[in-house]
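Attaching a single structure in structure tokens format; questions to follow.
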């Protein structure tokens, strides 16, 4: 593993489209950045914004929300509700002093394994550029109350609110 | 060329497979060449308006690239006959950047001095010299220099046409020069350095 | 109470173990997740095998496990398998959680250390989540024994007949006036050269007269509601302006109708029909339809020639479109394909050069019942060609158009070569990239066409032009190509060019897919549940796909798929009931403040406000389990089974477990 | 007034002077203002790219970088990000550099490194590179062009010759088709001309082969001229200086080579637009073509004043002999018949 910053990202996926897109990326053996850990929901409409806040405060550096393309929701129109919440959430994050770019919304149909893989890799790079989010971490980027991470090889810069990119 | 083993030579094989050639050409091409995607369908060779004058159709050239036939490919006249009409490019079912690969092959042939006929490379070089001197192309200088060197006996035959161009004001006798020639020179010099190191 | 959790890590042969250190993952789970309640963690070659399942069952029984996590493939593949295993051992199936470390880890990452670390995170998430899982009971619903088949081509006819013969009722819906589909347009079928009509017509008649089949032609499905076992389908029966009860199919109306129209559908634009018409003589049903756009009466208000001459007074200008509602348990989609529009390949000149024909045009041209009575002639309608070029891969295997191989075009091109040779004696050239004659007796047909003297040129044709360069090219179409085997460019003058056009998804496949709740691949074909092991089912239970709707294929494969889907449907019908996932939302009345925010969010109208109690209530029969209301309730009064806040929050925490190493490239 | 940045290209100042003159003459009628990119340099034509990669793209990109300096509004005139190139080869080179600098970022980085040596920078995608006819058909519109016509070209039988580098490879999908685009046909019809369907409209004129392998080029020119003649065209109409040069200046050479006697003049579409708009032939550079259009234009009532005639060509029997057919081994040896 190199010394570059490896972000941790939580991805929320819809059971009908993006989770299947991730499955398809797998079946097709497409390679993408391994930094994303997925959570399956029945619909992007299930996404409670507090899930995102919990992920960010719990140590995630970014959150990717994925759902069916507008007009293609399995539940007719619930992805529009996800979109609405996403836009509001970005404002809330800005208010909290967190870069709103740490949360990304991606539409991916069940056929778009390649898109899912490409978007994931791109988002990891975007977050890598933003640097670590130190919410819920101490100044060295370690999880608070963490005793077992001593062998971590990441170099973290002092504050998450400065957008310097670690070399 | 990779080393040839004795048995291979005795067996009448003339080439060692050089899989790196395809990759090399691909990397030297502007944009993404997609050369490895060629399915040998012949759309390029079928589309080419000048194919009958080529030693090898573009398709054959790509097969030869795969086979690592470096010298044969670079000595081929195919890339020099290419008129850059892009018929092959838009028709290619695999979206290979054929015309750009031809430019790459010209460049490689010039660098390795592997061409049978110097007419075309010299024309390119003369043109480039003009541009590097004036910043603009200079048809009169280009035509006279090129024709003197390669078609000296054609020159008189071309006279009526040349004269017509001049008397009709369509060919300037003096070159035009751009103002910031030094700036262009700096850019090109630096670009050439980058080309050497990459 | 602390749960007793078992963690099972699958090798999947080398599929997972080749990239993930599965033993390390299991060891790590046992050591580091002990505080969560993990009492046992094992790795095994194939967890989904019966031995693997027995391993889990044994541990549940002997160790008294209360929760199970299986780290293996996607839950969409084997969730059910492991739930059944748990149930066999007496554990509620919903207390099992799958951690996907194949599709989401081993197949998409290459670095072993990284993949192993990510697998640990995924397992940790699943362990945290499973603690919060609640035991649930499946909801059983009865299956309606009726079936809907959409599309009356050969695949749909086959499906309908199989089910009807087994004694169950089928609604067969067809958008055109007659069933038969593309096969009804063909003259001969490869490789046996059977007469297409001769083998298809008996099937069409059988479907048209079968007591268990309700045939709805000139009809389209406009809405689908419900779920497996209980679909409610709305079908629009377009006005035929012909009373089917009275019509005898005598054909006098067609004869008398003064309006001639180019038939773009059945005759592929090469022939004419009337404004009131049956598309062809053997149409099923044999009642005509009136084409309102072209009828003189509808246009000008006078004419009614058909009405005057109809011996049974069957013409009814007042007929209206009808909406029919049918209840069915299963649906088979056999919606077929569209022909690739050859005008898009402008270098082949179709639409500009008169004697360039498409494959479907040629089928009509060579059909004894077609516009030329089977005479193969040029666009002038009389001249027989002396030389014909057949171009393969038109619009297929071409990134400028469709990237896939259309499967049937090589054999179709060979069939055309044979027919041209047999009927005109012309010189025939076939231009191909690769000759694909897989399947029974196909390559033998290729040999036969070679023997007949057809000339094969290996090269994708670059252009077809009428710009003659040499005197022998004057007045001809010139096919310019590289003969890749000779390594030379050739210009071959011919009288006629036939484009073996590819197949593509129906223009409205995407909307149709959406209506039935199934997805399309990137190319636009309907997506099957599993490309190898479940080619006729879809991700939506109760919906099946057959024939070219699923991808390009020939007649034998379409028929086989039609029969296969019927077997699947009959299996469902005979089970009489189906289990549904118990994923539903419920309102906790104690916590509901009656704000009604949730009421407007539900697209299925499952949430009702009970004014007397000042609370909202969810009707479980209507709830589809999307969870949007759960996320929206400001009081946290709505909970969703299977995906509760507690489960998801726990999974987030588990995935971000503190002593995990960061995972990166 | 609609402002655009103009990249004229070298030939517009010499061999295709007529194109430049006629373009400038019609601009006013169409309410267009072209601002020339200051101190532009040659785009390298098809030659530079064959020598080396980064210098070739740097040469092109210098023009793009200079153009960005003139993008913004000055003294009340509107800003623009559109660069117009009337020459098809220049158009393609500029568009190609913009496209590839984006498609392969490493190329873009290196080119910018080179540009930096001259204090310049170009971000791919900043400019919109378009050809003159694209602007006329899609921005000005055929309706407006039709309105400006005062002398319809009725009865003038023309074949529209688009050439190859304009509709292909078409990175930005600007044209109706790669093979048979109709933009030039539509425009000529709007001028009232009798447009003949020309299947060779996007075939190549031979390009630089007139210089390095004339026999190859002659064959390509023959195909074009012969087919135009066979279809009854009185004139070819082009949008490209290279096409005009090859078909016009080498037509006589081609005739000599094949022993044919074609006489099909080729004019720029802007020249015909000027005539239809009622401008004088003298303002449009008409008369400097080597295959004279005088007789043809007289047929539609346009009188072309006699300009300086070229010295009478030597008669064939007095002339010097033609070289033998060029082959790859003998190409360098010119032999006398």
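Each chain carries a letter (A, B, C and D) given by its place in the written order, and its residues are counted from 1.
Keep this in mind: a residue touches a chain if its C-beta (ideal position, glycine included) is under 8 Å from a C-beta of that chain, and two chains touch if they have at least 3 such contacts.
Note that the coordinates shown come from a computational prediction; the quantities given were computed from them, not determined experimentally.
Enquirer: By mean C-alpha position, what chain is farthest away from subunit A?
Expert: Farthest from subunit A by mean C-alpha position: D.
Enquirer: Need the CA-centroid distance for the pair subunit B / subunit C, whole Å please.
Expert: Between these chains, centre-to-centre, one finds 49 Å.
Enquirer: Taking each chain's centre as the mean position of its Cα atoms, how many Å separate subunit B from subunit D?
Expert: Computed value for the inter-centroid distance: 22 Å.
Enquirer: Residues of subunit B that touch two or more other chains: which are they?
Expert: 87, 90-91
Enquirer: Counting only residues that touch at least 2 other chains, which ones in subunit C make the list?
Expert: 347, 463
Enquirer: Go ahead and list every pair of chains that touch.
Expert: The set of touching chain pairs is A-C, B-C, B-D, C-D.
Enquirer: Okay, in this complex, where on subunit C does subunit D touch?
Expert: Listed in rising order, the residues of subunit C that touch subunit D are 346-347, 352, 463, 465-469.
Enquirer: Using the touch definition from the top, list the residues of subunit B that touch subunit C in their complex.
Expert: It is residues 39-48, 51-52, 56-57, 59-60, 87, 90-91, 93-95 of subunit B that touch subunit C.
Enquirer: Quick one: which bits of subunit C touch subunit A in the complex? Just the residue numbers, please.
Expert: That would be residues 74-76, 100, 102-105, 107-111, 113-115, 118, 121-122, 125, 514, 517, 519-522, 527, 539, 583, 601, 603-604, 624-628, 630-632, 640, 642-643, 645, 648-649, 651-653, 655-656, 658-659, 661-665 of subunit C.
Enquirer: For subunit A, which residues are in contact with subunit C within the complex?
Expert: Within the complex, subunit A touches subunit C at residues 1, 4, 6-8, 10, 16-17, 19-20, 22-23, 25-27, 29-35, 37-43, 45-49, 51, 54-55, 58-60, 71-72, 74-78, 81, 85, 109-112, 114, 117, 124, 143, 145-149, 151-152, 154.
Enquirer: Provide the residue numbers of subunit D that touch subunit C in the complex, in ascending order.
Expert: Answer in residue numbers: 177-180, 199-200, 223, 226-227, 230.
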